[in-house]
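There are structures below to look over.
Both complexes below contain subunit A, partnered by subunit B and then by subunit C.
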Partner chain A sequence: MATTKTETQNLSLKRESPLNRLRKEWAGVLILLLLAAFPFLFAWFSGTSVTDGPSRFWQGLMITFFIMAVYAMSYDLLIGYTGILSFGHAAFFGGGAYTMALWLTHAVPVISSRYRITLPGGANITEVVLFVAGILLVVLVVTLLGLLFSAASARVRGVYFAMISLAMAEALHILSKATDFVRWTGADEGLHGVPVPAWINPTQNRLLFYFVALAFALIMYLLVRRIVDSPAGRVFVAIRENESRVRMIGYNPVVFRSIAFVTAAVIAGLAGALFSLWNMSATPTMTGAIMTINALIMTILGGIGTLVGPILGAGLMQIVGQFFYQWFGPRWPLVFGLIFIALVIFLPYGVIGTWRQKRYAWKRAIQKMFGKG
Partner chain B sequence: MMRNNFFRDNAALLGVVVILAVLGVVGYTSMGQTAFVRTTLSGLTLGALFFMVAAGLTLIFGLMDVLNFAHGAMFMLGAYLGWQFFTNPTFLFGLAPLILALLAPLFGWLFARLEIPEALQKSAPSLLGLAGVVVVFLAVRGLDILDLAKTAMVATMTAADPLAEATPQEALSIFWLRTAGMFIAGALLAMATSRPGDKTRTVHTDQVRRALIGAGVLLVFTIVATLFREAAPRAVLLWDANLRFFAALLVGALLGAGIGGAIEVTLIRPLYVRPIYQVIVTLGLAYVLREVIQLLWQPLAYQMSRPPLFSQPGKAENIFEWFRTNSVTVDVLGVTFPSYRLFIILLGVLMLVALALLMNYTRLGMIIRAGVQDRQMVEALGINVQRVFTLVFMLGAGLAALGGIGAAPFIPVQPNMGDAFQLQAFIVVVIGGMGSYGGAAIGALLLGLARAFGDYLALKYSLSPAIAEASTVIIMAIVLLVRPAGLFGRKE
Partner chain C sequence: MTVEGEILLEARSLRKEFGGLVAVDDVNIQIRERTLHSIIGPNGAGKTTLFNLLSGMMRPTRGQVYYRGRDITNLPPHRIAHLGIGRSFQITNIFPNLTVLENIRLAAQALGKDNFRLFRPAGSFRQYEEKAYAVVKRVGLQGREFDLALNLPHGDKRKLELGIMLAGEPQLLLLDEPTAGMSSEQVPALLEIIHSIMADGDKTIVLVEHRMDMVMSISDRITVMHQGQILAEGTPQEIARNQTVQSAYLGELYGDLAADLEDKDGQR
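And now, the complex of A and B:
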């Protein structure tokens, strides 16, 4: 039906020339250019310096937005595309954040005081190598977490899985708050003042961090889009729609659910790692249930089962949230919660989803009108 | 033959009993009597609280297939309401007239015969609903709810004379306008939900008459609540503190049930066609309730004081002496144990007995048991399942709220207090099997004991109780992986 048609369109799109593709995605490219130019445009319009004052503050907001957008997107890959009701997404985000923060705080100083890694030319690249090693460690840890979750999802479905995933994430949350590991994790307080390498330090090098976060969001968006459009991504959607049928056709849903889980976990974990770099801290709130609910709110707000939706939702939550904070004070999430409930009841497909539905209806109506006339 | 069946049917139960007995003997010999008895009693206290949260969760899921992620929030809400009522009920009595006024005209049958022009019929419900919401906003505009909420917060700090903090409220001359506004808003909402102008619906005169009586009674209540909204809190504060505490248990449970009913009707009911969204909406609701509580009472932790019945200084030699002395601790088998926690155990047992009676000997219980087994069949037999759903949701929310107030005097009253209990209740429900309150009771007992002994072991090996709490998740994972239907659940 309609889906097969879009599928063939997508497949044919891949063989098109780059210029033609650019023309088709002009809106995305335009938004990207605007985002890249945002610090300079903002500074120019407000008449302030790019590196401090309000423009620094707004860059900070945008950085949080980029990270949250990636986090929400990874959640949508699970709940929107694969149809897995997982309420433990904070485990991946917080797991990534804690891994990065622990690595930078406890491992890197020790290693770099003992060893030096130099290029043949003599340049000291210890810091960079250790940073990359940290990222790889994050990927490893969250992959293991993702496998743990997918092992549970192989056995239980639906709300049972929702429950067990929430419980598993909550166990991690409890451990991150446990006083036994206070020497390493800082217990309730969390890890603060993480020694972030100078070249990516958000306080010293805010503008650079902005572009790092933007590039991260862009790469992750393209990656997730590629996954969703790939044959494996089609199987994800098929699992959401009718799992037994997928099994009938000959795909193993367990394998594909695991793929979805590990992918989402890695993306969320990387977002968490970047978030810990950005805050220069890792706190128990990053592993808490509120973090999962935030992902859910951003996804539902923008539109479940779309990629642009979670990004838009994250943007609304961060940018509009900033205004809400000014209007309603520190309890502004209440307003978002109420909007969320209203959306679930009245507009379950979110902003993007509803627009897409209506757009097709309008298109059909127009076609009908002109087709007959 | 009979004996065979008995053993096979109750294999899980017998296994649990045997394991508990073996563990009990091992624990008793290795821990010594004092530590063993104390840990067991702590376990029973925890188990009683877990049961109160888990019983509602399991009934709601078993009957309606709704996994209520806001159940921990109901527990928290119950604790706050009970704490308010016990410490200074000004907030509750100050808002009561408005809530009652909003409810009074919600007897939709009154408007079922309303004539509406054909052209307006499609948009009338949403227009009326919108108007109702607008009127609600107008009615509460400028009402300082936060100031009302502050009363109990301040009262905790000046515990000596609670009456000193019974602050004067808004003048009646302004306040009755609010009540009237709420009444009009309620009428508008009632019109919106009663399918105005729908000619396909037949309305019995009897129904209209009953709705009229119901609305009239509530109107009288509203007027009484409006007139006594300042005198009532003072009167309650002059009551004996023990009486006030038991009243707080009752009021909190009833209010919890009422809120639960409102949630079911407004949020859960429209979503039975989209089950996933029901779960999502309950999660959002938990978020909203927590924010509302933080808005009203700040994100702080409060300590509700114990009623004098459980707080006289000294130690009773046995339970019977406690009835005379009302002392704060009781000597149980050589262990000094807080008397209030024994009361919690008693409350949990009473709840189990009451629930068992309700489920086995009343018509509602019969319908619930039948509905858990086969919902379609119950519907097909002409039973108003929707009303039973609402009742069960109210029952579950009320039980959770009761657990919250019960727990309030010995754990800090704070916005996230329900989260831990909800998590443990999930584990209980998974162990016990969805839909079985007996399973929930045994699961709660097991988990409570496991937590208490886990804490004991953790302390022994100089670890924090957090490790024991986190490791209970492993129990849940093992049970789910080995027996997804739970120990006492039916196989699907």
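And now, the complex of A and C:
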């Protein structure tokens, strides 16, 4: 028993000092600093102003990358960690985007023309309160959507669930295109010119929006990382590995699958809401099957079940995609598709996933060579 | 070896049909507390199906299961696990891409109150990890803690299978052929684990097993199943002497064994 005790103490997580933690995650911190400095570095290197020209354009690309990275991570939580194959992820992203856009376009102007919310000092905070209310509304709507999906996943598994999730997302897609609601949603055209509050307006202050999107991505990454390492997150992984045994050792998989779904839905929904703010619009493409396929491509490209992988996948798709567009014109997805096929063949576990595996194999080979163990 | 204790688990005219096939045919069985009760019988006798019914994995066509006098017939498996019934599988049923420690830790965590914590690292709940280490030691997997379960040799996978079950601290253990696929050299280690479980003094084991020498030596009571029905029940000596059992299952191969047991009886 004595040895067990010391082993436990050596191996388990001790409370680390924040400085020690920073040191361990130096790569992540470095990347974060680079991303934070990116607008200024770019302006400096290209000799342009931080607020317009190519700087502005590249900041825009990075903003899309940050939002897509969060969207891809939320998908990884389902496919990579919990082992749920869902083809309906666009429903959460588009649901969040439409909720925010509809709220800002139709509800906020009416409410703010009738009511004023002020602080005791007299400052008018109506706009901020209504914006926060919008975010809460997004969370509420996508939570309900997530519960709807998990209710379906309680009944059917695997490919059958994939089909049902596709059907449910398509239903929402059709709803977003329906001419019956053209007054509200703009039908095929979508909602454009969404009145985004001035303080977070991407056209008026893009640099600020850049940092909002970066902070959003950082917070969501830390949150998802926390969740997958939590007791509940470990059960997600166990469900992926062997659902029947999970049940036999005393967990109700239906409950845990629902938690995974709602979490993924809320994160994807928030990403969608930010995307609608960024584009100042909500369009049927955001609820469409292509949107789900994008999540799938980004996740597979980077490596499913790695969390960092989908971020990298989103980066590849947005940034490399932009270069491809410059080189190959509008046919760039064709080239990208060919490269995607090659990557899937040669890096079957995605960029990050394959790298992690190889690194492990190399480590073992080196240990063997030098006679350790 | 005497039968002791209250009735812990009871099946009353339990029946399971698959289409036209009656896998478990109106079985009545009583498992008493703190005994090792073996269920034997040829392949297809319905032993595993009976386990599936007792552990909630399958719903019976008819009949009831009582645990400590409570009807658990239609409870889902995770609820049954929480009542203190653990089960191991004949076909190894583990979490292949997780480490040995995590396999066991998950089972230890299952019966705690922290399953729904989303924002604290699982590693900070030390009690489950310490429990997992103790179980690793108990089933003899020290040094293997950080190996992926899928990389274990077969014998160690069988130990892990038991470890996952033990981490849930069940009072009643349903062991479905724990030595399945093991070579005879690997069996003693497993036997030792079973002995250590019984040595706890508060555990009850129901064992399905094909190794007759093992069954005869460790069981307090044996039930023989044949074609979904119970053929005989009794102490190992009674079963070994039973003519019906001998002709139906044990056959000539175990005639010697029976004679052996008779001799021992005579010496006493």
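We take it that the second predicted complex is superposed on the first by the 351 of 373 C-alpha atoms of A that agree within 3 Å, B and C clash if a C-alpha of one lies under 4 Å from a C-alpha of the other, contacts with A are read in each partner's own complex, and residues count from 1 in each chain.
To be clear about the criterion, a residue touches a chain if its C-beta (ideal position, glycine included) is under 8 Å from a C-beta of that chain, and two chains touch if they have at least 3 such contacts.
As the structure is a computational prediction, the values presented were derived from the model and not from experiment.
By the document's definition of touching, of the two partners only subunit B reaches A:Arg331; subunit C does not.
Within the superposed three-chain model, A:Ile297 lies in touch with subunit B and out of touch with subunit C [touch as defined at top]. In the superposition on chain A, contact of A:Ala260 is made with neither subunit B nor subunit C.
By the touch criterion stated above, A:Arg247 is placed in contact with subunit C alone, subunit B being left untouched.
Applying the stated contact rule after C-alpha superposition, one finds that A:Pro231 touches subunit C and leaves subunit B untouched. Common to the subunit B and subunit C contact sets on subunit A is no residue at all.
Against subunit B, in their complex, subunit A makes its touches with residues 85, 87, 152, 155-156, 159-160, 162-164, 166-168, 170-172, 174-175, 177-180, 289-290, 293, 296-297, 300, 331, 333-334, 337-338, 340-341, 344-345, 348.
By the touch rule above, subunit B contacts subunit A in their complex via residues 61, 65, 67, 69, 267, 270-271, 274, 276-277, 279-281, 283-288, 291-292, 294-295, 419, 423, 426-427, 429-430, 463-464, 466-467, 469-471, 473-474, 476-477, 480-481, 484.
Residue ranges on subunit C touching subunit A, taken from their complex, read 55, 57, 76-78, 81-82, 87, 89, 93-98, 102, 105-107, 109-111, 114-126, 129-130, 133-134, 137, 145, 164-165, 167-168. Touching subunit C in their complex are the following residues of subunit A: 1, 4, 7-8, 11-13, 226-227, 229-235, 237-238, 241-242, 244-252, 259, 263.
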